[in-house]
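Per-chain numbering from 1; labels A, B, C, D, E and F assigned in written order.
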């Protein structure tokens, strides 16, 4: 297995138990999550040397965040300790027709205060075969945007394959600013992951086919977006999408598309009873990174990534704790859920 | 937003965690619920000045009940403190083919010991635009029946619109006694809410169409009942039904009907994964009261009430904690359950 | 109601809360389970004098196991106290496409150290009308295999009807050894319960019809297995199967077949939202034993057993805590899950 | 070990977790307690055939109460199932200078509705060597007072030794009524247990020595009360007191006195860190009953009873779960609290 | 009872369960606390119309804070909703020789962003007899310092008595800045509450007697500080101190001093087993405010305040939930902790 | 800070919540503990590169154990994965006069199945400055005894200082066998840690002074034992004792002695309110190892070790989570427990 690196923020996630509203609870379930940290955790479960590069404050809450990630097998020895606070997000889990609700309290986090030149990229990336980040990291601040580009450039120099999940967040920045920065980011990107909305918000790339009326049309629209992205960003080797068909907060359809200039493959589709959908996209990225690292072909890679992220929905917390064996069994077709004794 | 009043009993609800039997638990989840209190809570979430009129004992358990309702925004300053005890109901939540089970321990509650003349209705109703009660309140005792009529009469005099949910409970009284008392009650009722069974048990009003064989017939039967009720009770302005199509304890269909002498409207129908179905009917009433208070037309009102009560199924506890925004989004068609960030 | 006996091991079951992985938890839910103990608990709920014969260590954990079974109405006064330890199984509950995972730590339990001649069968079986055990008990060790045969022989002599659930567990013994021992066991068996896989693994009996392509074919295959078993084991009076059609860890179809040489009956089929599927097979046995003990005919017996075990899926823990009334209501067709007040 | 019987009410005890107020909690810890049930549980832990005679309602809450007592080894097969409800008591545990607070909701319990002649005493007492009840039982209602006398008379006829704990509760009856009834009760009593206040409230018996100024005087006052009781009630063989020297809700001194007409003995004194003091008096009775049943002399008996009840303070819940071994070790002087491996 | 007002920040308090470190927990107990909010809660328990003036963000966390305070009887209708976030503090409770540890994350809270002129003091203070704030509020920012002075001035104009707890926090500001601002604040202060350290840090006022060697000297030192304060700040009517004699995180001595220019009184002293010491100082203020409002003399006032705050140590959370009755019983001398039935 | 190694078994620790008996609980708190693992955790908190050498099974429970230790900063990359099971110990925490109770289920653990030659000591010990083990490790089996000697010999060769805690456990081996093996072990030991009882059980070394009658005599007896040990085992550089003066399960005195051939030092003494005393001895070892590693003199070392282990009593679980700063503050005299803000 390989040494992989991810770069981004982690937040303290404070969730009400069950499906409670904040006013109904006396305690909050405390875990830690963030796009790139989630990818790192998932890759650690799959057996990789998974290194997460970030900034967390030098206090007991920062210590806690590192301990939890270390527990899940992530190498946190390259995390910089500085700044004022760890970002927080509050979560009420939805059910049935009621969506989950996130309240962010992430402003002025240690990560967002990062300045270019503060991280020692050469050391942090030593020996790595992969570097992953998302559109959230450059969205945090100008400093973190510069650091993201710095990291991507260093990764390319050092020989890592790079992946970026667009992950457009309108509460963090504008479409305009996102478009400018992400165009720079994509220059250093080998593997791009996105949603249909991301591509429109960030790059103004829309499907040509109108609003979907059938499953076939939905797939067609994603392909149209993929084609345009690959056409515009010639350095990008391939693009991947997780296709969520959300029936309610409790039930969702789930499949995936992987496309490059030679062709594309859709994964099989899963009908999922949702335990926790936060982080599903990150688990998709991790599945994809693993599959590409171990040399799976396009079809096998998209099936592995789809199965990995289908399983994520069954875990509490942001991170996918599925094992290699569980993912491969599902990708191979066994989703019957019979007890493993 | 308006000042609204409701009148009825609250009970301490003691539920086993998850889907446990009593013998499986070491602790009981303690909340408070009762038809009219539930309506008051829901209306408070929607922004109304929501006043709950009741009787609770002058002890630490009574204090607790008031604190919990106050927390959820209900004005409890008109609750009378007297009597011996707060009623209790024990609850085991069902799942799949196993129904939930309620064990009542509500006899001789403070509310059931109420006598006419003990409440100062003029003060309690001051400034109110609406008054709501249910068929449970007069069922508790002769005294509470008299007080219910006293309250309804005062509300009409004072200018409130009145609503009554028939809510027939066979453990509290007989069909015969219910019929006599509720006929009196309905004389003061503007908006009547009922189930098909209520109308038959209390008023002997049955659908003409035989047992349903299709969805169309089910709707037809409700309309037939509505017509008969509106024919018999000429003071009633409109009648509303929540239509539950219960597949199991875990899954249910849900829609609604609102009918008056000018016409009727059925809401769209929801397929629900149930978190807690207790209090769904009360949340339907609250949604209806809100919609009528803010002047929605028949179709919009029934859609709002149906969406409100569909969302109730996603909350632990008797009360609907959905916000105005959540209800309106669902009524407008977004039930996809995507995370709100 | 009758005095019934079951013979087998109980284990401490340590489950992570909710759908958590071991690394995600700080506490384990502790209950006790084992095939024959589960049957005893279920029969006690149905009103029988239910006596469980076993061996548990003479320490505080053994005391705890007995207390929990005594709580649920099981007579544990014939349990032998000796040996070193109580077996343990660790459980992570699956959801959606992720299966539940069991980690056994049962080697060298008190039960597996049992030697023939150590139990006083005459006293233990006094007054009993039924004796039940499973293929797990003889699989534990040579000593427990000998004791199982000893018990079955004593039960037959004493006049009990006997039932055996094949319950093949590949981690405990080989197909070859299972085939030899279970052939002996079946010589003393009146009512046999099995799965399709059990019959193939233990007896090499396979359906003639190839891999199922439709529901009809699935049923046909089970009948073919039943016919062959009844043909080969002429002392067996009837054979029963629970038919699980597992869609995922969260959803399963469930029905049953009961067959003897005069004919067969399939139960109606249930679509189940799973709370906990462990022990479903045991609850099916208990339902069947009850129905046969009270003289139900073949069709009624299979419907009762299917309804009982459908309800099991709604309870946390290994044991079916459904009441006689709940099972009969479901067997009679009411699975709507409306609240029982 | 002997067959012992106790007669009295059990209540559902609903306690806030930790030291919380009701308004601070979302769940209540549910256990069951009552003076005579507590004694029965404690005697069962000590190895006796412990039979509890009572009345509980025929509903799921009544079933639960019996299951919990059965779990702890108590024979509940002679409990009558009738009446409307199980009494409840709510508990907030105090700490430091804040006392624990009990809110009773026990009126109209099944036990209080008992009428003389309803229990089959001959069967219930068969084989018993001891019969215990308290002053709470006759205080519940006239019917339960008559039944208490009925039971005591039957126990004496049948050959049981009888014990009564005065346990005066001013919320249940007046001093006057208590004095009349308890004078009758004491006519059938062999072993009397009381507090200083009990004797004054019920019988008007006060110490001659004025308010204590030193430890010696406290002891003197108890002896004076003992002498007067033994003088007035000539049928009473001995009288015992637990001497609580309560420093705060968290810390208490604890010792005991046993006196008869031949002499008296004080136990050693314990300084206790309180986990839960409810039921300490009942555990003292149980310790005394055990010691007398197994033939300990006065000094050994009072030491055993004091040690037993000192240990009770270390258990959550009303019941003393100390083992014979633990009590004897403490009575023999080892209170060091070193880990037992 | 009177209308009282307090002005200051509330924070979300996130505490590990029991005595756990952050790395040991999966959930955090969520309550709300802040000096002036704590005083408001305590005064509401004592029966006053307690109004809390503050600023909280217009999001679900802000709503939650208000709901919790409303639950405890505080009038939150004058709280301004604006700004970005609610401050947070993380808490690990210490035990024995290990102190509790607080990690603050309160920078840039809604309250700290307050500007003078943003609050409508006339409306907020209408009808009030008392106004309380602390040295924490002006320490948050220049804006909140200006608003504090604005509020104090308005309160004096409107006729309220004013109290201020110095509460010096070195993480929020320097001694120098504190000295300047608090000198202004004290100009509007009638009742001053402080610790020995506060007076030295903020005003440079130190006891003349050297480091204490005996209990008598400790008292002398406090009197010396009191004298100097009353001498320097001639507008201050009286000054009060809570005297903590902390033996460990689990045990503390506790008493109080109230002094004015006519004389002084020390309360009796309590030995306390600590459940939660956070907020003890605030409960002392609330006890003092109550006692002065209802016209107690100096000795009675200091005894009431000391008893109130002694009881605070027995409650989980920042707020004192002791009732008037409990405090008066303790002030009158009953700290025995016997169960109140 | 230095690289330190420890060698020994870890067990899954399953504790009832609070002070519950097994029969009172529904869940067990799951942590991991073992003498040498506890030392490793504590040294990691103090900033050392802490490496734990052990054997755990290759299953999900083994993974869990490693994750928890990794979380707390321990390097587990040299743990061998083989064997059948992880040992377990069940724990009921005592209170007041009731001692804690441990039920072991550790037979046939992976560690006990270790054979000499199976571990690669050269790699495992690379770079280490210290090697620690206890008398429990060789007591597990002949194989683990041989491996312990193998490890000690390798550590000495490689240049590590070695420490051994005698830790005699009579359930694991006899005094005779312990004496033989530990005499070998001590040949490789630089720093010996023991209790008075250990020395008598293992080496037959007893104090000359009779049973203690005063504190002075207690100290004298420990010195007598120390002298004899140092006389007999000439390779041992120094010997340390933690002196527990256990008043009850809730309160204990605690101090320490460190002695070598040049002299000795007693630490100051602490009066402790116990949260969890398991692992206190291990935390003493860790404190001592740290102090010696960083070059503290005898007096400073014994004070640091005593303060560290005094603080351990305030943490849930086997491990000492005190920080360097907390220990140094206490060793310097601040045990007041004032909140650290």
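We adopt the following convention: a residue touches a chain if its C-beta (ideal position, glycine included) is under 8 Å from a C-beta of that chain, and two chains touch if they have at least 3 such contacts.
Just so we're clear, the structure is a prediction, and the values are computed from it rather than from any experiment.
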item	value
Chain at maximum distance from chain C, centres defined as averaged CA atoms	E
Distance from chain E to chain A - Cα centre to Cα centre, in angstrom	45
Computed distance of Cα centres, chain D from chain A, in Å	62
Multi-partner residues of chain E (each touching 2 or more other chains)	23-26, 67-68, 71-72, 101
Topology of the chain contact graph, where touching chains are joined (line, ring, star, complete, other)	complete
Sites on chain D touched by chain F in the complex	71-72, 270-275, 307, 310-311, 313-317, 321-322, 326, 330, 335-341
Interfacial residue positions of chain D with respect to chain A in the complex	24-26
List of chain D residues in touch with chain E within their complex	18-21, 23-24, 94-102, 104, 169, 171, 244, 246-252, 277-278
Residue ranges of chain A in contact with chain F within the complex	67-68, 70-73
Contact footprint of chain B on chain D as seen in their complex	14, 17, 22-23, 25-31, 59-61, 63-64, 67-68, 84-85, 88, 90, 92, 101, 103, 105, 107-108
